[in-house]
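Pasting in a structure now, in structure tokens, and then I'll have a few things to ask.
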Amino acid sequence: MSFVQVIFYLFAVMMLVAALRVITVRNPVHAALFLVLTFICTSVLWLMLEAEFLAIVLVLVYVGAVMVLFLFVVMLLNINIESLREGFVQYVPVGILIALALFVQMIIIVGPNHFGLQDSVLTIGPNYFAQKNFAYPAPAAAEYSNTEMLGRAIFTDYLYPFEIAAVILLVAIIAAISLALRKRTDTKRQNPAQQIQVRKQDRLRIVKMEAEE
Amino acid sequence: MIDQAMQSVLGWWQLLPGGWRLLLWNTGKILLVMIPLMLAVAYYTLAERKVIGFMQVRLGPNRVGYHGLLQPFADAIKLMFKEVILPTNADRFLFLSAPVLVLGPSLAAWVVIPFDEGLSIANIDAGLLYILAVSSVTVYGVILAGWASNSKYAFLGAMRSAAQMVAYEIAMGFALVGVLMISGSLNLGHIVHSQNGGILHWHLLPLLPLFFVYMISGIAETNRAPFDVVEGESEIVAGFHVEYSGITFAMFFLAEYANMILISALIAIMFLGGWLSPLQGIVPDSVFAIPVIGLLLGHGIHWLIFKTAFFMFNYLWFRATFPRYRYDQIMRLGWKVFLPITIVWLVIEGLAAYFKLPPWFN
Amino acid sequence: MNGFDSNELILLIPEIFVLATACLILVIDLFLSEQHRNVTFYLTQLSLFFTFLLTLELPSDTVLYAFNSSFILDTMAIVLKCAVYVVTAGAFCYARPYLKQIDLHKGEFYVLGLFAMLGMMVLISANHLLVLYLGLELMSLSLYTLVALNRDSAQSTEAAMKYFVLGAIASGMLLYGISILYGISGSLDIPLVADSVTHSLFDRIVLLFALSFIVVGVAFKLGAVPFHMWVPDVYQGAPTAVTVFVGSAPKIAAFAMAMRLLVGTLGDLHAEWQGMLIVLAVLSLGLGNVVAIAQSNIKRMLAYSTIGHIGFILMGVLSGTAAGFSAAMFYSIVYALMTLGAFGVVILMSRAGFEAENLDDYKGLNEKHPWFAFMMLVFMFSLAGVPPLVGFHAKLAVLRAVLEVDLVWLAIVAVLFSVVGAFYYLRIIKLMYFDSAESELLIDKPLDMKVALSLNGLLVLGLGIMPGVLMGWCFSAFA
């Protein structure tokens, strides 16, 4: 096993274990932290695929922003996980049955031999599968920049989906604000513009007093 | 004798497998950065006390060593030997890992800092993004410290800091987008190179608003005065690290100062030309060829240190000067002032880039 | 794949216009005081009108592509988009007085409605699976918010939550199916995927696996049995002003989605998905029509009637012929118009502090307001499929298409359940015409809503007498 493979298996196993812990651990804060660990391991795996932009952005956006707010909410709400687990046992057999069925189905139906990953099945789709076997990806050239390639793809070939995604984010903002913003009238609000325009004579009154004997 | 020793060391070196040699070599490089950094942190704390003392017409520490020069070591030894107290019902694992989570990223970010031409631990392409990503992880340590302490004050501090750091990270990120637009690269070395050609070519002038936004956001991001509501001692004692003592507290302390130095270095690199000499283009090029003076006046790591030191001093100066911001004012500044400024400036920059405004966009 | 030609943008003029005006209205609304909120409404209607005109200007006789063929503009897209504009404009017309009476008249309603409509437009014109998915999400996200807009009502919040969670599951199913298609074809371009589905030598079973996930996703979005659970709760829980929108225009977009996915992408698997759709259609027809009888709440009743009608739309699609597709297209447009009108009457009858939700609230409507009782009669007869009205032609076209592909038993089942369904539509007519009023039945709605409702009724009536025009457009879409 080469050094790269050791790293790969280390982080892949860590990712799987962390992902499993997300749903099995009892404390919601710990669950959120395991999710963070999962993201970080994923990011390492992406780095190994030379997708450094995506890897770093995953950490930046999901770990650095989304999960922080998530953790924030989880801590503030102080969710009682035990009450959420009521009736859990009762659904376990059904859940296991469905999971098992899906698992077997996937192994049979979407196993690698259906995707041309094994030599036994050949594909002759017009031009889509020049190779029947996916080779180990060749390392990119030294001047290859993942960031630049992504930028080019997003702003040319995928401009339309990119713009729609931007609109979806806008809708999400509008939705969040219109659902959550409550204009409270009972708060003591301050107007900074007014505050800095205060002059000495507005606040200060000089009273001349007779000196006491 | 010495010759022989050298021979045997070299022989050993040759005998090591490639991977190990790489590992050792990199460890060496890391130590080469970390040891001066730790010393800088130690003396930065002393400088803080001295500078603020001077501004408040006091002497500052002057008992340990000559004019208090050994004070940092006394502090370090004291903190190392103090007991680490675990609060009752604290989440033991998270409580102890929080300081590591704070200190780790603030040191890891130094990996991509270019100190001089080609002088950095790792020269990676997405350096700028790496810094953003790594520094965004710091907030976990703070939140977890607050939460795991099982203390109200600590928790309040953690909540404040989470909101504050997320808010200012966005403004900082946008300011960095401006840098990215003008330099056309995420590589910090390239960013410095794109400022080559004299003081006018630095990013300071074209990105002046972004420079101020970044500098001020940097102070908020490190939770320093006047944005130190996170640990505001008059309200919530010491905020998120109120329950920490001994070496665990020392790690928060180290991280805070290492972060301050990091932000100062980043400002110097991204807006003030890093290791580039400000005299370039002002004095004739022949001056740089003079043996010693040329070395001093020409490009070099000393310029980076000098520029960084200036911003480090700013931190102390601000702390001694400004009263603490109120929490809602901090939020207002971050979301309603800085964010619009950066976005508007990005549009202006885009226009400038479109019309190829010299000397920055050509 | 090599960049894009800015001249292609001309094909997206309606989309760009809607996006621009939605953003503009969002900002303008911010500066309007409460009593000038109507300006937002008028601006929205104006923008819909101009979007309609712009869409009509587009060339409709050829199939055109933009953005590396991720955007398609064919006759179906133009006709469906125009129908969506009309239905949306009608829904906004009905919504305004209702929102005012429950103190919910906010600019966000119109803005989110416009964004939902933009999502529908993207969905209708999608020629790329990613674009299709994004359009679907844009539409759904706006609709979830609209349902939750009355945030102080527990019922609305619950409805929105159900809608959101089930919608997310549906999206997940769809995405999973799409990802397997991507694994098979290595592309997300609909024509390329279709091509590789045709030529692939993969086991059929992998394609079927993807297909079944996609069918489930589509069935969720359409609300076909057994993926219908959200429909009654959402229809009932949402403010009626939102129900009228959620229940009408998105069905047109969902039809387009079914067409693009099942016919456009997986057309080669017709034999396989026909069987699945038959099951869905029969179950929808049966459950929708039978359970609707038991409802005493008119919004819930109309929800179950929706499920029944979805069965008919699915029947048109599953026939797999051009006649069937155009019949389903005709059906979905007509259905949107009829539901719009039916909910319009529900809004018309309600007033501040009183929701005309119970069937008994319609007793004796004919005595007080014969014209609107007649309108309701038109909508109900049309939904039931009584001959001179447009609903009849829609049902007839679908049945004819099904008969053409020799699914006689399916046609008989559909007719039988339609007869069952006629019962509950006629019950409302009986209540309106043959019972006497229990309450005073005040109508306090503004003139524009009355006019819009009347136009809506006359449109249903007129299309029933002369279905040829719309039918012609639908047929030309698949000619």
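Think of it as A, B and C in the order they're written, each chain with its own count starting at 1.
Quick note on the criterion: a residue touches a chain if its C-beta (ideal position, glycine included) is under 8 Å from a C-beta of that chain, and two chains touch if they have at least 3 such contacts.
Every value quoted in this text rests on a predicted model; they were computed, and no experiment measured them.
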Chains in simultaneous contact with chain B and chain C: A
Chain pair that, of all pairs, has the most C-beta pairs in contact: A-C
Innermost chain, where centres are averages of C-alpha coordinates: A
Far-end chain from chain B, centres as C-alpha averages: C
Rounded Å distance, chain B centre to chain C centre (Cα mean): 56
Rounded Å distance between chain A and chain B, as computed from the means of their C-alpha atoms: 26
Separation of chain A from chain C, taking each centre as the mean of its C-alpha atoms, in whole Å: 33
Touching two or more other chains - residues of chain C: none
Contacting residues of chain A [partner chain C, same complex]: 105, 109-110, 114-116, 121-126, 128-129, 156-161, 164-165, 167-168, 170-172, 174-175, 178-179
Chain B residues touching chain A - in the complex, by the definition given at the top: 19, 94, 124-126, 129-130, 132-134, 136-137, 139-140, 143-144, 147, 155, 158-159, 162-163, 165-166, 169, 186, 328-329, 332
Chain C to chain A touching residues, read off their complex: 1-4, 19, 23, 26, 66-68, 70-71, 106, 108, 111-112, 115, 118, 122, 128, 130-131, 134-135, 137-138, 141-142, 144-145, 148-149, 151, 180, 183-187, 192, 195-196, 199-203, 205-206, 209
Footprint of chain B on chain A - complex, ascending: 3, 29, 33, 36, 52-53, 56-57, 59-60, 63-65, 68-69, 71-72, 75-76, 145-147, 190, 192
